[in-house]
Structures are given as C-alpha cells and as structure tokens.
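Per-chain residue numbering starts at 1, and chain names A, B, C and D are given in the order in which the chains are listed.
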C-alpha cells in the first residue's frame, strides 16, 4: 500500500470526510489543475468524501454560496485556465466592518464552515488570501492553502503555480517583439505584470533576451538606460528591448514620499509604467519608443506542463495532509521538494527580488542593464 | 515538363538573369517565406540567376546598398518572422526633395537598378510601397510586387500574407483574456492593430468571441456600447470583452474636422484608442475597465501555416512571371486563385471594411455589437 | 435591418422554430465553433427557437437520444476542440439491415425527426456523413450540412473547417523535426493523415519546408526518392525531411490489384505507411531513417483563428438558410465566398489532388520532390 | 562590482582567455541558449577572450574542425532549437581503436586542445558525453560540462535543460489526443521518448492527464492495464489514454534474459513500444487501439521559457567558473540552486525513476495506473 498515514475511517467509508475549497484573488493558470489534484486524490483514496466548492472565493464562504462537487466536475479541467469556482478580489477589504445584517465577515465564514460541518478548508490564493486563511486558522478552523500567483511573491515557497505559465506568455511576447524590432532604430518597452515584485519581469526578460530589465526592487536611473541604449547603437544594434514591470520606478521617484509620488503620477497621468518610462526615454534620447502592454493576457490561457505538474502535486499533497489530519499549512516547495509550511510563516510576508540575488548578478554578468 | 512558358535562355544558362528584391514598410510574418519562394524557384529552374537583396527596403535601392544572395541564404527562413533583408518605413516620404548630394531619390533608385543591370525588381510591401513600385514602373523599371500587410487593406487581392498570422496572435490574446475575465464584473478592451481599416480586429474579434468589436469604418456610439454591456450583465454574464482597432472612433469624434479632432486628441492625451474608449466607458457606466495592448507582438513571431503556403505560392508565381518576362503586376489572390493584378489597379487604393460586407452582417447576426 | 429574408413568424415569436443538430464521423477542430455559429445566430435573431442536439452523431438520431440545448450551452466553446455532442463513425455502415427491433435505420431517423417535429436538421460531417444527409433529404427531411474534415476532400467547397488547424499542427511538427534534424545525416519521415487524399500533407509539407512530399494521388518511385536524397547530400545538406500521407503508395504497389496489395501489406505487416517507406529507403540507400507519426494529434486541440472564423461564418449562413426556409444544401466556400451547394452535388464525391493542380506544379517549381 | 572572484588579467585584457565549446549527443532545446549564456557573459566580462566552437561535437575536437566565434554569433539564438555547432552521436563508440592514421582519438582530442592552447573546454551533453568529458579531465584537460538531456537522467542534478521543453511538447500532444479521443470507445497510446528512464513520460503523463503511464523502471502487467481500462469503461468514460515510454516493458518481458528479449523483439518485429503494447491490449481486451509517435518532434522547436532561463543561468555560472579557474565540474541544480558537481560524481551514472519516488506515489494517489 502506497498511502501510509491515512484517515482510516474515512477511507473505509465509515465516516464522511467533508472538504471545502475556494480560489481567491486574481486568477491564474493551473488553479483548476490544483483543485483537480486535491479532489481526484481524495476521491480515489476515500470511499466517503464530499467536496464543497465555494463560489467566488471568500465571498462564497461569507455568503454561504457553494456547490457539492462530484468527481466528474474535476474531469477535463487540467489544462483549462481560470477557475471553475470563480474568484473575487478583496472581499475582505473592509473586514471587521459589519455587513448590512450586522454580522461580522469572519463570523459568517466560521458559521458557513460549521454549518456544512467541514473537516478542512482548502484555500488557493496569493498574498492577501493567505492573511485571511491565517486569520481563519487562528479562529479555530482547519485550513490548508496552495500558493497561487503569477508574481511568485509568496514567502517560504520557491515557486508558486501560475508563475511559469505567465513567464512563458511574456517570453513569447518578447520573442515576437524581437522578430519585428530588427527593422528600425527604435526602443520597444514591454510592460509585464508585477506592481511590487519583479520576478516575472526578471525571468521573462532573461528568457526573452531583453536588453534592459526594470523591476520595482531596483529603481532605475534614466541616465543608465540612455547609456545602455547608446551602447547598443554604438555596437551596431538597431533596436533595444526593455522589459519593465508595472511597478518599475525611477531612482528619483523612489526618493519621493508616497504622497508626493501619488500627486506626481496624477499630474503626469500615464495609464501605466511603460508609457511613463517611454516618455522619459524619448525626452532623454530622442529615440522613438513603442509600447506593448500584454496585461491580463499573462494570467490567461492553458497552463504550461510545468505548472500542471506543480499544481497537481501540491494538490495531491494537500489531500494527504487532510487524510493525515495535518492542518494549518501552506503546501509549497522548499529545496525543490514538496513541503508543508506553517501558515503563520507565510501570512503577511512578500518575497522580493534581492539586489544580491544570484539571478540578478547573473543578469548583469550577461550584459543586461538592470536600470542602475 | 511542368514549366511551360519560360525564359529559355536563362534556364539553359546561356544568359544571366538578375533579380532584385526588397522588403518595405512595417515588417510582418512570412516576408522571408515569400522571398524564399521567389528565390528557391528561380534557383531550381534556372542555371544562371543572380539575386540581389537590397538592405532596408527602398533605402537600400536609393543608396545602392545590397548583397548578392545564394541559395543557402534562403534556407531555414521559411518560418522565421521579420525580414532577413531589413526594412524601412517611408524612405520616400520626402520624395522629390533633393538628397544631400543633389540627386533625386527616384533617379537614384533607377541608377542602382541599371547599374546592377537588373531584369526585374521584386518588391514586398503594403500600401505605401505599392505607390512607389508603381512610380518605378512608370519610370521604366520592370517591377513585380507581393502583397504584405497584417492589415489586409491592399486593394485587388482578397488576402495578403501576414494577416492570418496577426489574426492568430490577436485571437490567442483574446482567448487568454477570456479565461481570466470570468472572475470579475469588468470590461476588458484589447486594442488591435489597424489605424484605417478594421479587418484584423473584425476577424480576431469573431475568432476570439469578442462581445463588442470597434473598427475605424464604423464609428461607435458610446450609448450603444453601454447598452451592449448592460445587456450582458442582465443576462448573467460577468464580463464584456471589446476588441477595438487602433483607429476606432466615436460617432461624435467622426463628425469633427481633422483639425478639431487632432486638437482634442492632444488635450485628452491618451496614448492610444483603448485608453480613450476605456475612459469613456468608465465615465458612462461606472464599470471597471482593463486594457491590453499587444502592439507590435501582432507583427512578430513565426507565420502560421496558412501564411507560409500563401507567401510561398505568391513568391513562386512571381518567379514564373519573371521567367515569362511579365512585369508590372502585383501577385495576389482573386476568387481564391493566384492572379496577377496590374500595379496601376492597386497603387493608391485602400481596401476598407464595408458596412454591408457579409462578414459585418454575420457578426451582427451572431449578436456581436459593432458599436452602432 | 441587417436580416432581409427571414422567417418572420418565428422571429416575432408567434411560432416555434425547431432545429436539430449533429456531428458525424471523425471529429476535428472547429466543430463546436460551427455549432455555436448556428445556435448563437438563431437565438439572437429568433424569439422562439429550440435547438436539439443529437448525441453521438446519426446514432443519436437513430436511437432518439438528444438534448434540448440552451444559449449558454454554446458559450465558451468557440475554441474548444472535439465536439460537445459526441460523434460516431459509420453508424450507417449496415444501413438497410434491420435493427434488433426490426425497424430500418433510415426509418428510425425519420421517426425521430418527426417526433420532435423538427423544421430542419443540421449535419456537420465529412464525406460519409454527406451521403447519409443526402439520403435523408431524398426521404423528405429538411437538411443542411456544414463541411467538416481535416482532409479537405469534400467536393464543391474550396475549404472545409478543421483542415487549416490540422495543417498548422502538422507544420509545427515538421518545424520541430527541422531544428533537430540538422545534427545528423538522416532521413526523417513524418506521416500525416490522409488515406485517400493528400491535401493535408501537401499543404503541411510546403509550409514546413519538407524536401519530399508523398501523397496518395501521386504514386512514388523509390528511385526518385533515393535520387532526391542523394541530390541533397551532394549539395551539402545533412538531412532530408519527407512528409508522407497515410495513403502514400509506390508506383509498383499502385499497379497491384486490390487483393494483391492487401495480401502484400499483410505479409509486410508495417503498422503504417511511414514505416514501410522507411524500410524501402533504408534498403535502397542504406541511410538511417527516423519516423514520426503524429496520428490523432492532428485532429485535436484548439482550432486556429482561420478555422474559427470559417466555421462560425458557415454556421451563421446555415442559420440564415433556415430562417429563409432554404434546405437541401451544404454551406461551403466557392470563389472565396460563402455559398450554398445542392447536397446532391456533394454526396458521394471526393475532391482529389490533381497532378496538374497549380499547387502541385508550384511545389515542383520550388524544387520539392513529389516522389515521381 | 558584482563579479567577485575573477581572472583579473584576462578581464583587464592583459592576457588572452581561450575557451572551447562543443555540443554532443542527441540535440535538444536550449543548447544554443546555454552556449549564449557562456559566451555573452565571457564577452561582457573580459576584454580578451576567444571562443572556439567545435563542429559536430567531439568529432570536431578529434578532427580539429572548429571556428572562432564572435559575440554576434551568439545573438538571436536564445530561442532557436538545435545547436549552431552541430552535434554527433557516439564519435567515441570505438574509443581506443586506432583511427585510420593510427592515432588514438583521445590523443587527438588532447592534441587539438593543446594546439589551440585552450584554457578550458565546455561540453554540453548527456550521459555518454559526460563519460568522455570525465576521461578528458583525467587526461589533464580543463573541462566544464552543462547537463543537456530531454530524458532528465543525468545524475547529481535535479534538472537538465531540454527536459521541460520536451515535456511541454509531449503534454500538448496528449492534450490534442484528449479533445479528439472523447468521440469513440478507444484506447490511445502515445509513445514518448525514454529508452531507459521514464521521467519525460511520467511528467508529461501527469501534465496531460494520462490514465495509464508506462515507464521502463516499472514493468507493466497487461492484466493491470486491462483492468484499468475496464474500470474507466465502467465509470462511463469512453476512452483511455496511455502515455508509454519507448522503453516500457512488460513484467513478463522483464524476466527474460537480454538475449531472449532481443530474439523475441526480432520475431515480433514491432517498430516501437507503442505498437507492441497496442497489440497486447487489442489481444487482451478486444478494444480498438490508436497509436501516436511524436518521435523527434520532442527534441525540436523553441525552448520553453523555463529551459531558456535554466540554460542561460547554467551557462553564466560556467563562465564564472572559468574566470575563477575552477575546472572539472558539471554545472547543475541541487536543492533548486545552481551548483558545481565534480565530474567524477556524474560520469557513468544514470538517474532512474525510483518506485518509491514521491512523484510516483502521487501519480498513484491521483488514480493513475502505473501498469502494475
């Protein structure tokens, strides 16, 4: 027998195992693959299991909106983007503030959980969702989480699902820019997702062969960018490709107070970073700039094989933890192995790119300009 | 023998056949496939042929910058995006204006042509390039052209290469938006290439299942858009996807004079159509709008199989015309067959989407809102 | 108003319009897109319409297995491969032979049709399915058909949906072979679908840059193949790529009687054409041969944009014909325009590649060896 | 300064650094990306560096065939499949056997190395290539290696480049089978690369949602397969998808001696595993079986983003080792970090799938049949 520690009674069908599941925050690739991993392995190992899917993330848990899901509901979804359960952003933004009917949101979530008599709630989400999951755990619920984010900024796990698929889409976009860029003496800026962290931009920039990579963690100097462009022109290259994160910021802007920055952004009124950086470059260098903003395209479509295997494995591991009655963990990757990480170690933290990170060093060694 | 009318002498190697080739204007997919088609079939049918590739389009012809190309130069490029010869936009913008050395651009092109002693010049280009090609023909040069444009706006040919590849990229982007859009009640605008014509947006919009399609030829009413969004919300749909061409314009804007429009655009200061339309929708409906601008990505990457076959066949046909000493044509598609079209019938015209076009009617019959 | 000739009563909701739909034969890409085109445009133009989907093609019509479908059943399927209705091959093989309960299959189909009180039956299928559709028409049913086949061998239409998607998959496979082939002095054979016709292999072979293309319509001489390989070796090329249709046949085999051929194939016992041709080449040339058989992969996955637009348009046109009470047609493409073709002109015919076809000539002009 | 330990003299241009590079064995994706990583970072950090590329792997080193490569030779190759240097399989097969001119192959390699006065030789290869590299090291040459294999069977590194790209291609093929399989009651076998190890099949099988996965390390029982198929049929599934490695073997076959097995294989005469397994299943179950053999397609095409970043980073690290004068290592991944592994720890070993591997356990927990 390959399953060692199991919830024997449930497996033998003596008692019923009840598991809730929800997807929260911005969606991404492989959410369905992860849920399928949890569900298929529970159904395949237990005689008596009920899976409850909450509609639209925590909102469904708050409002008591869910559906009982069958094995077949998880068939054919392995390669489907999005989430079959729906999601919602920040249903918890005003947490603590009473709802219309006077009840607190956390209380209502606990109420729903207890009403269905769940044994465990599995939350698939990113940074915000983990804070909430931790709060629910602290309120006595059995919670497990799975790390979902194209930003790869969840603490304590080396990788989250969605990330590699987003990197692939962004990389293909840079590839396309490459084949068309060669015609003219121009600067191309492709704006990639990442308001606070630059993992996606850094990986896609390296994979796509970007000449300049700008990420939130390393404020750029427009002078350095201009010099890097000039160096390329001198060496006979006719174009420069810049991969810039949504949260890319100049050194000068980084010195402003939050209020000053907000004010300046309002005055300048650029729809996003690439346009602002483009204007700065045009002003500084006189070069013509073209902007590409793939936007939500990065979150959509079928997951790459890597993410499907990752998400499936994390899901299967979550099922094992449920069968072992081990709760309060995020299932993640440490030292390239599947691991369980205490939720309290994850909640409220963000994994940033460090200037001394080996990946950053290597990008520089390749001759990529990181803006400073 | 499968070749019937041929330039027997050249094929038998008695005389030398000299063919020039250049790619002009914004690049696109399958330019290399088309050149390969011309070259491979000349090399395979003629003993004595020399192919001269002009660097960076007409600029190379003006400046006398070219390279003699071998059969191997055309190997392995069938599926490569961009152009191995380079291109340039509007080298001819100031045509008639003397160059630094006092010579006229047309004269210089003729001079280069005669200096190499070309038998024919093959031009791969879009609308602007065809005007120039026609001018050269009127000046006595032997010219053949191949229709290259992702806009599909060249007159007298049903399809141009590059178009279908661009449609595919744009469609995949809409697909990705679809899988991620379902999560929230939002409007997504994806801006597709096409300043004057809406073919690309119309095709990709239909192929991607866009709910609203906005093209330059059909000015939109913001009221109609708002109503279409409301209808979707009423029918339980949580999102609306709008495919908008770069040149999409509101009915109100369409009534302005060119000067008034230019002035307003300057004041509003949106980087492109999608942002402007997004602001109009947010103001009108209060709905949150997300914008995607794939930009030059639409021009890049490997051509789809359709474009490779099309470009190859057009190229092979051009080679046959050269062997037949038939000049002054664009090789295009009429009634789904390869045809030669007098250059004078093509030059200076633009193929627009007609409001009564069957494709437009069918989009409406499907329930797609076309903005009016 | 964009709809001119319509079934006014149904549209105004006075009477009910009932339409049956089924997908028959081997499945392919864009079947769902085509059904969506029919359904969405009926739902959007008519107040009172009921669409009945028959399960597993004609089998569902025979057995009376169907489901009433809603507008939402056709949402989100535009880019899904396969068919949401299921299909079956040759349910009609033993037509005329009484079923267990003594009733004839055609009679049972008519019975089901009349029981539901259908106004029209829409059949999506290939060659075999068109014969059956024609038979049903001759038995008094209102029938419309849509041309579905990756083989592109349906008569009277220039193109069928599924074809271009299959060509794209096959082309990408050849691309992959290309990048890996360069390493060694080897012959690569990729076997593509097509037992009787070579359209898919011809198009993919040209699009993928195959050196040799073998199709059923042009029996090959192993000598010619060996010479073509030798020519490549002489010119310094290290590999040869052969695109061979499933039905590729040698000139010698083509001279055998059907019985003799069957016997020989049985003795040789190759699983498919590529292995047989590979063995012939190895024997003749001593070259190492590698075989790739993508098989059903060619029928699967998401349709390319081209097929989505094509299938959608054909579906929308079928809906218009229904509203116009025009029956007995296949909706196809003639002279690059959507057209209705009398079913009797299509049924029982196969569109073969002609040796004098311009595409064949052009392949030869490119220097491709067609095996003879 | 981001580079800490460097070969200061070379960087300052006082002395010349000479690096040789070769790609050996079956090619795969990201070979070019890896070479570009080595070269770009050497060129960007050193004033005086010469890179010598050996033609066709070790064969070039033996024969003294190489070219001096410039920085530009490594531009635009990041996403190109294959290898710009060419490769060869087993040039070393008859090692020790005198060449025609009487000199030993190893001696000749050493001679070439010394003639160019190389400081280091960088070898990109798989298992066989590492044995040779180790031998060269033992003969006094400075050698570094990069782990290249779609099989992922190199010891002491968690991952090799090429693997993830091959998994992606194989997974997409299974996806396509999925969309088309649903039509009929059939068994589909897709044969994936891997003669000795099942990593590729295991990953692609999980990522593609295969129902049965057969790998060399786990001999299958045809009874177990038949039961798994029957279980699917019982639960209403109409098809079964089997991912089988080239080296999949039945338990009964596994008990044969090498000689007996070879003899039986010769008598049965199946071109590859999938056909043999297919025949066994048809015999056992009477089910119709369809076979897909993607073959070399799995080695070709553009690398996925994951492999590009991986290969680039390993290449950059190799450059750092060269600058640090650290030789005799394979650059690999341990605990998800880039690491240097003594060549002697790698050479001659194969990383097999262990029956107790967590990935295998998880596949079982998902309900996948592993054949036993």
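Criterion: a contact is a pair of C-beta atoms (placed from the backbone, for glycine too) under 8 Å apart; a residue touches a chain by one contact, two chains touch by 3 or more.
All values reported here derive from a predicted model rather than from experimental measurement.
Number of steps on the shortest path from subunit B to subunit D, with steps defined by chain touch: 2. Distance between subunit C and subunit D, defined via averaged C-alpha coordinates, is recorded as 37 Å. Inter-chain centre distance (subunit B to subunit C, centres taken as mean C-alpha positions): 30 Å. Looking at subunit B, one finds that residues 172, 175, 178 touch two or more other chains. Taken as a contact graph, with one node per protein chain and an edge wherever two chains touch, the assembly forms a single closed ring in which every chain touches exactly two others. Touching subunit A in their complex are the following residues of subunit B: 26-28, 56, 80-83, 86-89, 169, 172-173, 175-184, 188, 269-271, 275, 290-301. Of all the residues in subunit C, the ones that touch subunit B in their complex are 2-3, 37, 40-41, 43-45, 76, 78-79, 158, 164, 167-168, 170-172, 175, 178, 203-204, 206-209, 302, 304-306, 308-309, 312-313, 316-317, 319-320, 333, 335-338, 358-359, 361-362, 364-367.
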